[in-house]
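Here it is: the structure, laid out below.
Letters are used for the chains, namely A, B and C, taken in the order the chains are written, and counting of residues starts over at 1 for each.
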Amino acid sequence: MTRPVEWWRVAVWAVLGVLAVMAPQFLAAGEVNRLSEVIYISVAALALALLTGYNGQISLGHGAFLGMGAYVTMILTVDYNVSYAMAGLIAVVFAFVVGLVVGLPALRITGIYLALVTLALATLFPQIVVRLGDITGSTVGRGLVPREGFGDSAALEELGRRRFLSTEGFRAPEWSGLADDQWHYYVFLVIAVVVFLLVRNLVGSRVGRGLVAIRDNETAAEVAGVPVSTYKVLTFGISAGIAAVGGWMFAVLNNAVSPTSFTIVLSITLLVAAVLGGANSIIGPVIGAAIIVALREAIPTESQRYTQVIFGLVLILVMLIAPGGIVGIYRRTVARVRQTRAMRAAAADHGGSPDGGPAPDTDKTDVTTQEV
Amino acid sequence: MQLFIQRVFDGLQAGAIYAILALAIVIIFRASGMLNFAQGEIAMFTTFVAWNLFDVGLPWWSASVASLLIGFLVGAGLYRLLIVRLGGTHANPLAVVMVTIGLFLMLNDGAGVIWGTAAKPVPRVFGTGRVELFGAGIAIQVLGILAVLAVLVVGFGVLFQRTKLGLALRAVTSNQESAALAGIKVTTTLMIGWGLAGAIGSLAGTFTASAVALDKNMMQVVLIYAFAAATLGGFDSPLGAVLGGLIIGLVSELVVGYVDLVGNDLRLLPGFALVLIVLLVRPQGMFGSAKVGRA
Amino acid sequence: MTLLSVTGLTAGYGPVEVLTGLDLHVDAGEIVVVLGANGAGKTTTLRALSGMIAAQGEITFDGAAIGGRKPEDLVRMGISHVPQGRGTFPELTVEENLRVGGFTRPGDEVDEDMARWFELFPRLAERTDQAAGSMSGGEQQMLAIARALMSRPTLLLLDEPSLGLAPLVTRDVFERITAVNAELGTTVLVVEQNANLALDIAARGYVLETGRIVASGTADELRSDDVVRRAYLGA
């Protein structure tokens, strides 16, 4: 069902859209790369939002799925000369399958096992990568030799000679007239918008309502005819696949992968981004990702070591104060404003004074009726 | 034969550490129905504090005891200050999990900030002596750890079955509402439960540090093993957790040692394979009650 | 003398207000019943009285104002609440259940009382080491009442003791309640849907509908009231 679209909402999106498109023209390469970073983190955070915010399953291992996407992309493009598009597709399917494999057994047993299995996955992913050293480049990782030359360390030189080909990474095509960083940004932007729209449609559809029903009360959903097991496993797989899209972007952006990029810390950071922005919303992950990246930049270099401490603190504070994240605060405010307006109107009709009442609990309201 | 005995005791040492941490996990699971994902990091942090005290002159023995107390305080504090504010574990399980994860991150990075990222050697509580046992030289430290585990098991058995506090803990676990209606101070009781778990966890931290080295990431894999042990044993069975830990430790060590295909890199495999098999056959673990088995 | 006095009790869950200004009182030694259909607010009333939920209004017990106190404190003041659905500790044995009930009392009193309740509820005596969760509904109800009595309360709050029990079993339960009241003088406030049995044992009663008291009087008065008869006694 479509609803009459409010003009101001269209205006806001239009302005944001224009800004997003114009941004690279005015920003330096480094800053554009930061924006690209926001994009890939928000995609991965969206994956988490879909899984946890809308479907109520918890994953502590999305950093691993992102890592999978990045590694598969790297290996395929560098070793096997696969095109970036193809590599991305394969990476997503790979992560999707792993997601199914992980999500399936967890169904038979209590929900906590999913949390544990994903925790194990996240903790062990770097070790597994090292174990598969031949393909993955072990602790040194995989990467491309940048055109400017890389050869500081002897090990890298050696690996470069043995494994790194002189592929040039995901370069901007001639016809675009763009620099590499700008090209990356626009490609990411398009992909991200597509992914976000797809997820938005999914969430607003009948299937999406089923997912939310599972989140709120699994037994009731089952009784109401929702195919709980199928939905949960598929959601997990899809969520893993979306995270792998973020991984593909990571590989494109950084031109290098190593085990230390994908530790449990990354998984938790993604969680923080999703929760901070608002896990049961589409826009929330973007807000969260933006804040995370901004925080990282804002913290002065001497204090960089405190970054994770701050992120952890943020997660705790959000849970204590505003579990719905920033979007949750926005929704609560909107609801309260609407309620006050409605009561004033009703009071005007009855000639009495409006009765103060508590705001409805919008953090758990049926999210499919929310526009954001 | 000598090598075999050596391996058995190595496996038991690792297994005992998993068992101790698993015990802490099970206590909180029984009391509050949830998993404290920060359990390992709390243990790591208290061990660092102990090292710090040791570094400024306190004997290691006293420092370790101090870390026990700190573990208790952190556990109790975590419950009282954060969990209670969230409305308890039953009202908001997802939020509680998130909070423990946030704490995980804070403690992990915090330890790095305070004490740096270089691994620190740490003495052994039970010294470096060895003893002849079944033809092999077994470190007294290993025997000491096993002894501590035994004391914990017996101690908790006595606590839960024969003391008023234990009865209160079991009542709160069984039916929190009715416990309050019977006059039990629920928040205080749970605080003590979480505190005990924190204290036990710090033991696991101390022993892990002695076995390898003290570093801020040392407990992450131990936590995974401890969860595996609790899964194997049944999340609401302390005895199960202990046996699960010992079994996983033994199996990992022996399979890695004797099955060439499984090299040291795949050390994790046997334990996890075992857990998976048991789960497929008996979802609630070896000793878990039926309600653990299905969501 | 009035043991419990409630004026203007308002309580609810979050934004939903269930009780909208209740007035009632219970005199020492009485059995008073609050009748009401599902959703009338009976359980909410008891939960407000035992401190399990927040409530506004005046609640005076034994001369002291008790609004806002926590359940743990109210037990020590002499109020004991048997919640809806029994509220036993399923994993604990019968004996342990009783011991928990006597948590706030010194050891020798606990032993004394356990002996007494085993006498009054012989079915429990037969099953001291049995896990409470494996007993029948009626046995669990007896256990729940015995557990509540272990704290030697002055006021016993019972939430729908007949729920899910067969008629004969319910009659048995109600007989015990009467016996306890007669022998110990324990004041009882029971909320019930089963009006027939409840009015048999009570001296006075109230009728609760959608959060308000709509009728009150002695048991006889209520039994002969037409409205009550039609709604609750199926006459």
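Keep this in mind: a contact is a pair of C-beta atoms (placed from the backbone, for glycine too) under 8 Å apart; a residue touches a chain by one contact, two chains touch by 3 or more.
Since we're looking at a predicted model, the values are computed, not measured.
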If you tally C-beta pairs in contact for every chain pair, which pair wins? Let me know. A-B
Where the centre of all protein Cα atoms falls, which chain's Cα centre is nearest to that point? B
Among all chains, whose Cα centre is located farthest from the one for subunit B? C
Distance between the CA centroids of subunit A and subunit B (whole Å) is 32
Distance from the mean Cα position of subunit C to that of subunit A, given in whole angstrom: 52
When the C-alpha atoms of subunit B and subunit C are each averaged to a single point, how far apart are the two points in Å? 43
Per the touch rule, the subunit A residues reaching subunit B in their complex are 52, 56, 58, 60, 105, 108-113, 115-116, 119-120, 123-124, 127, 130-131, 218, 264-265, 268, 271-272, 275, 305-309, 311-316, 319-320, 323
Inside the complex, what are the residues of subunit C that reach subunit B? 50, 52, 70-72, 75-76, 80-81, 83, 87-92, 96, 99-101, 103-104, 147-148, 151
Mind listing the subunit B positions that touch subunit A in their complex? 34-35, 37, 82, 85-86, 92, 94-95, 97-99, 101-110, 112-113, 220-221, 223-224, 227-228, 231, 235, 265-266, 268, 272, 276, 279-280, 283, 292-295
Any idea which subunit B residues touch subunit C in the complex? 164, 167-168, 170-171, 173-175, 177-186, 289
